[in-house]
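Have a look at the structure that comes next, please.
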Amino acid sequence: MKSNGLLAALVRFAESGNFREENFTLPPAEKARLDTDTPENRWLASAQHSEKPVSVRFAAWFSKKGMEVFDTLYRIISVFICCTLIGVLLSVVAFLPPFGSAGNPTVNEVVERYVSRAIDETGTTNAVAGMISAYRGFDTLGEAHVLFVAACSVIVLLRVDADARKKGRFIDLEHPGEDMDYEPNSDLVLRKAAKLLVPLAFIFGLYVILNGTSSPGGGFSGGALMGSGLILTSVAFGFRRTERFFGDEMYHLVKTACLTAYALLMAYFIYMGANGFDDHVWLGIPGTILSGGLILPINIAVGFEVACTMYCFYALFRKGGL
Amino acid sequence: MAEHLRGLFINYYETAAVILFGIGFTTLLMHRNLLKKIIGFNFMDSGIYLYLAAKGYIAGRLAPIVAEGRTDPARYINPIPTGLVLTGIVVSVSVTAFLLALTCRLYDRFHTLDMDEITRLARKERV
Amino acid sequence: MTSFDAILLTFLIVCAISVSITRNLLASIIIYMSFSLIMSVIWLTLQAPDLAITEAAVGAGVTSLLFFATLKKIHVIRAEDKNGNGEGRGDEK
């Protein structure tokens, strides 16, 4: 049985209404008379059969065999579409400007401006960090909102009631089928390795966040690293020990505080004429941790928010709540 | 034709990106399993990111991190695609999480991951 | 075109194709994980270290973990099966 939305609609159309086979059957008495095998009746039956219009016979056949036919047809059409798509795209790629050339039309005056003035205007030596959080700061604000909305919708979809969770919580360890709260006894290797790796993950995440203005990284990368550290803690030491320092309240506190701080910083950008590149904020010394003016607090806020969101995703998938 | 092939060979990163996009699209269309469809979706994402980053790369230049105070633009690659792709990666992980949550709910309801089976059961339920 | 780039890109496409043809969901997710790691090396060769860090943490880490959590949630991965009849290894149903 192979179908997709369009096919389902077609089959529904065929199965509904007047196209059903039983709409063309005769009343029982008539049928019994016709079933007796006389030449006249045979002629009648054949006539009656041929009386059915082609569309009706097609519909009857279609409701029986339609799925199989569409299965084949769907496969053929999708292979055809995919081949056409790849062919068209490849033929476009063949005539693009050569890879790696400096004369590429994407390298224009915007790039020159971003690279050459980033140090003076934003105080960052990492042009990418300066670009995504100062020049295109609102883009990044929208990205943070996408993350926030995704976390909200995952909470809506997967959250389990607190009462229901309490009832089944940490009891049924013998039946991993009901494994929302089931935690396997975490083994020794995992716990020892986690003891070594979790502090490293947190420190590296913080390092990436704080040095986001002067070296590769920034809020999102560092936040994802710290979120991975939280997830590793939860995997190795269990939910209960993680909840001791990062539970529901902590999550809401950190996330709300970080998002509010981020929104206020961007509001300052709007208030100052939508660019924030004036002399009101001390830009710091380029190349050190204290550089980039408002970009450092933005990175910190974004980093903690992303870390919370990543752990929130994992916790919701694993046990239906934080 | 020869010119086509030569162009494809010169733009090999873009070629790989386009092929990756095609493979992802094929996986999305041909597989009935929802998880496979989501992985195909992620492949399409990766193809687009690879294409963008390849367009920003300039041979022989460095990552746009100003060192030793040298702000000469001819020393660094194009930072714009990097920023765009950075945004895209984070958006794609949130979209993936959302799709997986939807998949979990569908499994709770219909106890299968097969797209056709889900369509059939949903239709039966409605009728 | 260096041979290193060629090898990485070939690996990328081989990974993508093998996800499509493998029947085992667990295996396909592990292949997706290795795909992300190769992708992060490619970001390094394209001089985008920001992307390399993000992809290694997000693509290979968090996304794959979410896939694993989903598999666990829908009982495709199970604890060791008593009868050993092959359930619980993540085969497609």
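Each chain gets a letter, A, B and C, in the order it is written, and its residues are counted from 1.
Rule of thumb we're sticking to: contacts are C-beta pairs under 8 Å (C-beta built on N, C-alpha and C of every residue); 3 or more make two chains touch, one makes a residue touch a chain.
These numbers come from a predicted model, not from an experiment.
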Shared chain contacts [chain A and chain C, defined touch]: B
Most distant chain from chain A, judged by the mean position of its C-alpha atoms: C
Where chain A and chain C are represented by their mean Cα positions, the distance between them in whole Å: 16
Computed distance of Cα centres, chain B from chain A, in Å: 11
Chain C residues counted as touching two or more neighbouring chains: 49-50, 54, 58, 62, 66, 70, 73
In chain B, residues with contacts to at least two other chains: 12-13, 19, 26, 30, 54, 56-57, 61, 63, 65, 82, 86, 89-90, 97, 100, 104
Per-residue multi-chain contacts in chain A, two or more chains: 126, 128, 216, 218, 220, 313, 317
Contacting residues of chain A [partner chain B, same complex]: 1-5, 8, 12, 75, 78-79, 81-82, 85-86, 89-91, 93-96, 98-102, 104, 106-107, 110-112, 114-119, 125-128, 131-132, 136, 139-140, 143, 146-147, 149-151, 153-154, 157-158, 214-216, 218, 220, 286, 306, 309, 313, 316-317
Interface residues, chain C side, partner chain A - complex: 49-50, 52-54, 57-58, 61-62, 65-66, 69-70, 72-73, 75, 78-79
Residues of chain B touching chain C in the complex: 9, 12-13, 16, 19-20, 23-24, 26-27, 30-31, 33, 35-36, 38-40, 42-43, 46, 49-50, 53-54, 56-57, 61-63, 65, 77, 82, 85-86, 89-90, 93, 96-97, 100, 103-104, 107, 112-114
Chain C partner contacts - residues on chain A that touch it in the complex: 126, 128-129, 176-177, 179-180, 184, 208, 216-218, 220-221, 224-225, 227-228, 231, 310, 313-314, 317-318
Residues on chain B engaged by chain A in the complex (per definition of touch): 3-5, 7-8, 10-15, 18-19, 21-22, 25-26, 29-30, 32, 54-61, 63-67, 69, 71-74, 76, 78-83, 86-87, 89-91, 94-95, 97-98, 100-102, 104-105, 115-117, 119-120, 123
